[in-house]
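Paired with chain B in one complex and with chain C in the other, chain A is shared by the two complexes that follow.
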Partner chain A sequence: MIVQLASRVVSSLLAVIGASIVSFLLLRIAPSNPATLILGQFASQEAIDNLTEEIGLEKPIWTQYWNYISGFVRGDWGYSYSLGTDVRSLLGAKLPATIELGLYAFVFAFVGALVLALLATYRRRPLVDGGVRGLSFLGLGIPPFWFGLMSLVLLSEGLGWFPGPDGRLDSGVAPPRDITGLYTLDALVTGNWAAFGDALWHLVLPAITLGLAPMGFLLRLLRANLLDVSREPFLLVVRSKGISRWTAFARHALPNAFLPTLTAAGLVLGQLLAGSVLVEKVFNWPGAGALVTDGILRQDFTTVQAFILLSAFVYVIVNLLVDIASAAIDPRIRAPRSVG
Partner chain B sequence: MGRVATAGRVDRGRRAASTAGRALAFVARDPALAFASAIVVVLVGLAVVGRLAWQYDSLTVDVENALEPPSWDHPMGTDGNGRDVFARFNEGAGISLLAGAVVVGLGAIVGGLIGVVAGIGRRLTDSAWMRVLDAILAFPPLILAMAVTVGLGVGVRSAVLGIALTTVPYYARLLRTDILRIRALPHVEAAVALGATRTRIVQRHILPHASSAMLIQSAAVFGYAILTLAALGFVGLGAQIPEPEWGSMITDGLQYALTGQWWIAVFPGLGLLAAVTAANVFADRARDLLDPRGEIAVARET
Partner chain C sequence: MSAVATEEAKGGAPRDDLVLSVRDLRTEFSSREGPVQAVRGVSFDLRRGEKLAVVGESGCGKSALALSILGLIEPPGRVVGGEVRLNGRVISGLSDRELQAIRGKEMSLVYQDPLTALDPVKTIGSQIAEVVRKHAPVSRKQARARAVQLLEEVEVPNAARRLDDYPHQYSGGMRQRVMIAIALANDPQLLIADEPTTALDVTTQAQVLDLLERLVERHGASVILITHNLGIVAEFCDAVRVMYAGRFVERAGVHDAFARPVHPYTEALLASVPRPERLQYGPLPSIPGLPPNLARIPAGCTFEARCPVGRGREVCRTVEPPDARVEGAAGPVVAACHFADERRSGTAPA
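== the complex of A and B ==
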């Protein structure tokens, strides 16, 4: 067990190092000289040469990599020339908005998938099941950025039920006192009901848009697992003992169906991270994802690079935690595998 | 229909026709599969015939007729520069379908080769390749595709390469696991005992048994590739705006959608939804058919 855990941690560490090399090299083989990008195409050759030396671009690539990574670990994530600030404080200021959106999207995806999967498998009515399967295909096949736009056209512009793409709060509403940076939580803690309602209102459409793909994915997984488990003999035994269908499902089938879903948590996180880049652009959500799309448009890749590296770190760590958690819950996973 | 047309031909023709007829009947029994097949036929038709036969060009600017709503003359309206959205939609269908096919091909070949090398190689080779794949898998797929496109320079070609790279580890791991499983089967052992060469064993005794998993994977990858290409186009890393790619068409329509000109962004989105859903339905049905565990279900249904 300990040996397995240690080797898993080591391979995760290797993956992170590999990922940092991959992302660093990818952004350094870019055909244009970063110094030219920063100074603009009309800058003098002398100025470009000076800046090239200042950032250390003439050094060998491995030295550059080492400088970047050791700086990253120390908290120096680079400097955004187009925005005139260092990347870490930029990302730090924008991350709470992304985290809040991601949390609500996750809650929507999880609850939606759970309810729909139960609906599909509880009585096994073909029509309901077919409808639920169709919904999961829709969730996986719909481009999130397009769905967000359509929801804005219909529900915001058309019917006026939800606010337009103008960020986290109406311009007339002051943000709550900054504690965590998550507006709904801060407003709740400080009892600022006006800000709470408005922040929640602004979250509905972006959260549904971002949560749609993970919902489709989780729904497919949960439905299949629930179907598998509900065919198991032990469930028949439970039912024959006179336990109601609902209790049998809630107490015996669901916990068994959950474990394979837990292992998908890493994938869901990836969907949320990548999706935030797309969805924040549609809704003008002032988060880290929007910072990335802005960086791409301005050709200022320091923010993009930091975001990519950060996502890789978070992604690997979550996958590692998921592995450890599922080994802790299910003894079958702890046993050494024959193949692999 | 195929059966009637070829009746009276040689035996081989008749057998082929009845296979086609059986395939048609199989598709017709399953509404979702029939729908997905219809989508593919329509999209391929639009991409090939529609592009050649339609009266408008996808890039010709006609400012006098800008932002016209859908009409008989412009079935999907015109965009902010008066370009015909239908012509752009058709060309976008071609770009997306082609990109999907290229990603599937590249991913399957490169990933498949790595899978074979890791699966039949020594332990050290195997774990070295697995570490390399781990580094690629450490990124959320879209984020890695973004990084590649930034590195290679924006455009459809870099986007396709980036997306293909993200699919490589999935193909490689799938094939490797399959090979490790098949390698332990008795018929491979028998072939080894008879002195067959390594190449022959891989070609004749291992790969044919591994192909169904690759097929299922490819259908899913096709849909993923189309969606990701559009996402990259949407954030400005894939196709650039006048280019009629569905994702960049949606970006272009973003500014008009909220002022009432919905048609510029709606149609490419519908095209994406249709294409990706069709690919997902095919992947799902292929899984039901080819996955040994699913065989029982199919046998029960028929």
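== the complex of A and C ==
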């Protein structure tokens, strides 16, 4: 078990290093000289040469990589010339919004998928099952930005149930004291109920919009797995002991059906935490999405690079957690050799 | 042995020593072709301590019969008629909640495939304790102690240490022992064993069966053994019910069923048992054709198309044979064949 865990941690680290190399190289291949970009096309050759030397562009690429990575680990994530700020404070200001939205979208996707999959398979009612399957196809098929716009038109403009696209809080509500940057969490910790309610209310529509497609995906998977497991003889045996249908489902079917879904859920969580530019745009969400796309358009790659590296890191951490959770559920993963 | 057979036919009143009494049980599964009649009017009695075999090919309705008695037929299946009486009380038509108090306590199931019959992500101990705690107000610790005791009883070595193992750490035979421990945990009066040894190798089969026989005796359970393995029937059971296309086509004591089968299907079934001394003479005999589609039960005898006796006779094709009672060597035999009498007296038309 310990050996397995250690080997997973090592391979996770290798994955992060690999991702950092690839992202670094890809952005170096882009056909532009950063020094020219920073100084503008009318800069003198001398000025360009000076800057090239100053930021180390003439050094071998591996040295550049090493400088970048060692700086990154020390907390120096580079400097955005187009925005005139260091990348760390830029992302630090925007990432919490993206992460908070991603977490809520994930909770919506996961809980929604779980409840609907149980509903579809628990009693095997064809009508309910058909409805749930239709819902999963809709979730997968509807373009999120369109759904976001429609939800705003209907539920915000039309019925006024939810706030409009005005970011994370109403303009009249002060953000809670900054601890994690996740407004709902900070508000909860500081007991700031007004900010908590408002932040939560602002999260509903964006989180559903962002979580809809992953919900459809997880729902399909979990439904199929639950159906498979519900045909397993061990459930019949559990029922023959006098255990109720619901207990048999919750105690025996669900953990078994969960295993394959867990891996997929990890991927989904990683993806959601990295955010969605379109959904952030629709809801005017002050997340990292716009920062990164602007960085790409302006060829200001320090932000993009830092973002890619952080995303890779999140993916790897989440997958590591998934592996640990799987091992906690399934004894066969903990001890792969079997007797008999 | 099979005096009950007569009473079943008459639908007699339940007697004191009857553990289980089934009358005209009917179970259907809805399908695109219409209702599939898996169990078509099955009646039988099981006395205290009796061991009854239900034999037949795959798909003849044996397992559906077992699940119908347990009240565990799932949609699209449905018990559409008949009565099941356990320990003198009618249990067919009870709500699932009421049946939950009976399952695992008064009646239990040993399932055919021990490899898939246990939850792979729960420990052996917790799966035994589950049935103990369901039916008795005992603490976790007491249930655990009882689980150790049960594992010892089914002769799992190092029971206390192996309690926290998972099913994949047990061999097939050991898992079946665990199944038996679960089934007998609350001393049920009725044990339904659905192909309990099919998935095991021959040596293990014999050991498990031997254990089952001893424990059933000790716990005072009556047994319905569902199987297609006629070898274990002869060894283990008192009486035989041969099931074909959802009905019992022959009911007899174990001696009569083997020595002088009345129904042609029983005879064919016996003839297809591999015998080592005959193997050198060619391929195993088999019954030609397939059982009828249970969604479209033919008029007449369901075995007619495969029968070496009836072959195309008008009466076999058009009239469903009633239960005919003939005298066997060790008691009455009931067979659903138009030629039961002739076959019994050796004058059957060839």
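The rule is simple: the second predicted complex is superposed on the first by the 306 of 340 C-alpha atoms of A that agree within 3 Å, B and C clash if a C-alpha of one lies under 4 Å from a C-alpha of the other, contacts with A are read in each partner's own complex, and residues count from 1 in each chain.
We adopt the following convention: contacts are C-beta pairs under 8 Å (C-beta built on N, C-alpha and C of every residue); 3 or more make two chains touch, one makes a residue touch a chain.
Bear in mind the structure is a predicted one, so any value in this text is a computation, not a measurement.
Under the clash rule set out above, the superposition-derived model of chain A with chain B and chain C shows the two partners fitting side by side. After overlaying the two complexes on the shared chain, residue contacts for A:140 are found with chain B alone; chain C is out of touch.
In the overlay built on the shared chain, the residue A:255 is in contact with chain C alone; chain B does not reach it. Of the two partner chains placed around the shared chain by superposition, neither chain B nor chain C is touched by A:3. In the superposition on chain A, contact of A:73 is made with neither chain B nor chain C. Within the superposed three-chain model, A:127 lies out of touch with both chain B and chain C [touch as defined at top].
In the superposition on chain A, A:311 makes contact with chain B only, not with chain C. Look at A:236: by the touch rule set out above, it reaches chain C but stays clear of chain B. In the superposition on chain A, no contact is made by A:159 with either chain B or chain C.
When the two complexes are overlaid, the chain among chain B and chain C that reaches more residues of chain A is B. After superposing the two complexes on their shared chain, the closest approach between C-alpha atoms of chain B and chain C is 8 Å. Overlap of the chain B and chain C interfaces on chain A: residues 339-340. On the side of chain B, the complex with chain A involves touching residues 131-132, 134-144, 146-148, 150-153, 177, 180-181, 184, 223, 227, 230-231, 234-237, 247, 250, 253-254, 257-258, 262, 265-266, 268-269, 272-273, 276-277, 280-281, 284.
Per the touch definition, chain A reaches chain C in the complex via residues 123-124, 232-234, 236-245, 251-252, 255-256, 259, 329-332, 335, 338-340. Residues 11, 14-19, 21-23, 25-31, 137-138, 140-143, 145-147, 149-150, 152-153, 157, 164-165, 269-271, 273-275, 277-278, 281-282, 292-293, 296-297, 301, 304, 307-308, 311-312, 315-316, 339-340 of chain A are the ones that touch chain B when the two sit in their complex. On chain C, the positions that touch chain A within their shared complex are 67, 70, 72, 74-75, 96-97, 99-105, 108-109, 111-113, 116-123, 130-131, 134-135, 166, 168-172, 174, 179, 182.
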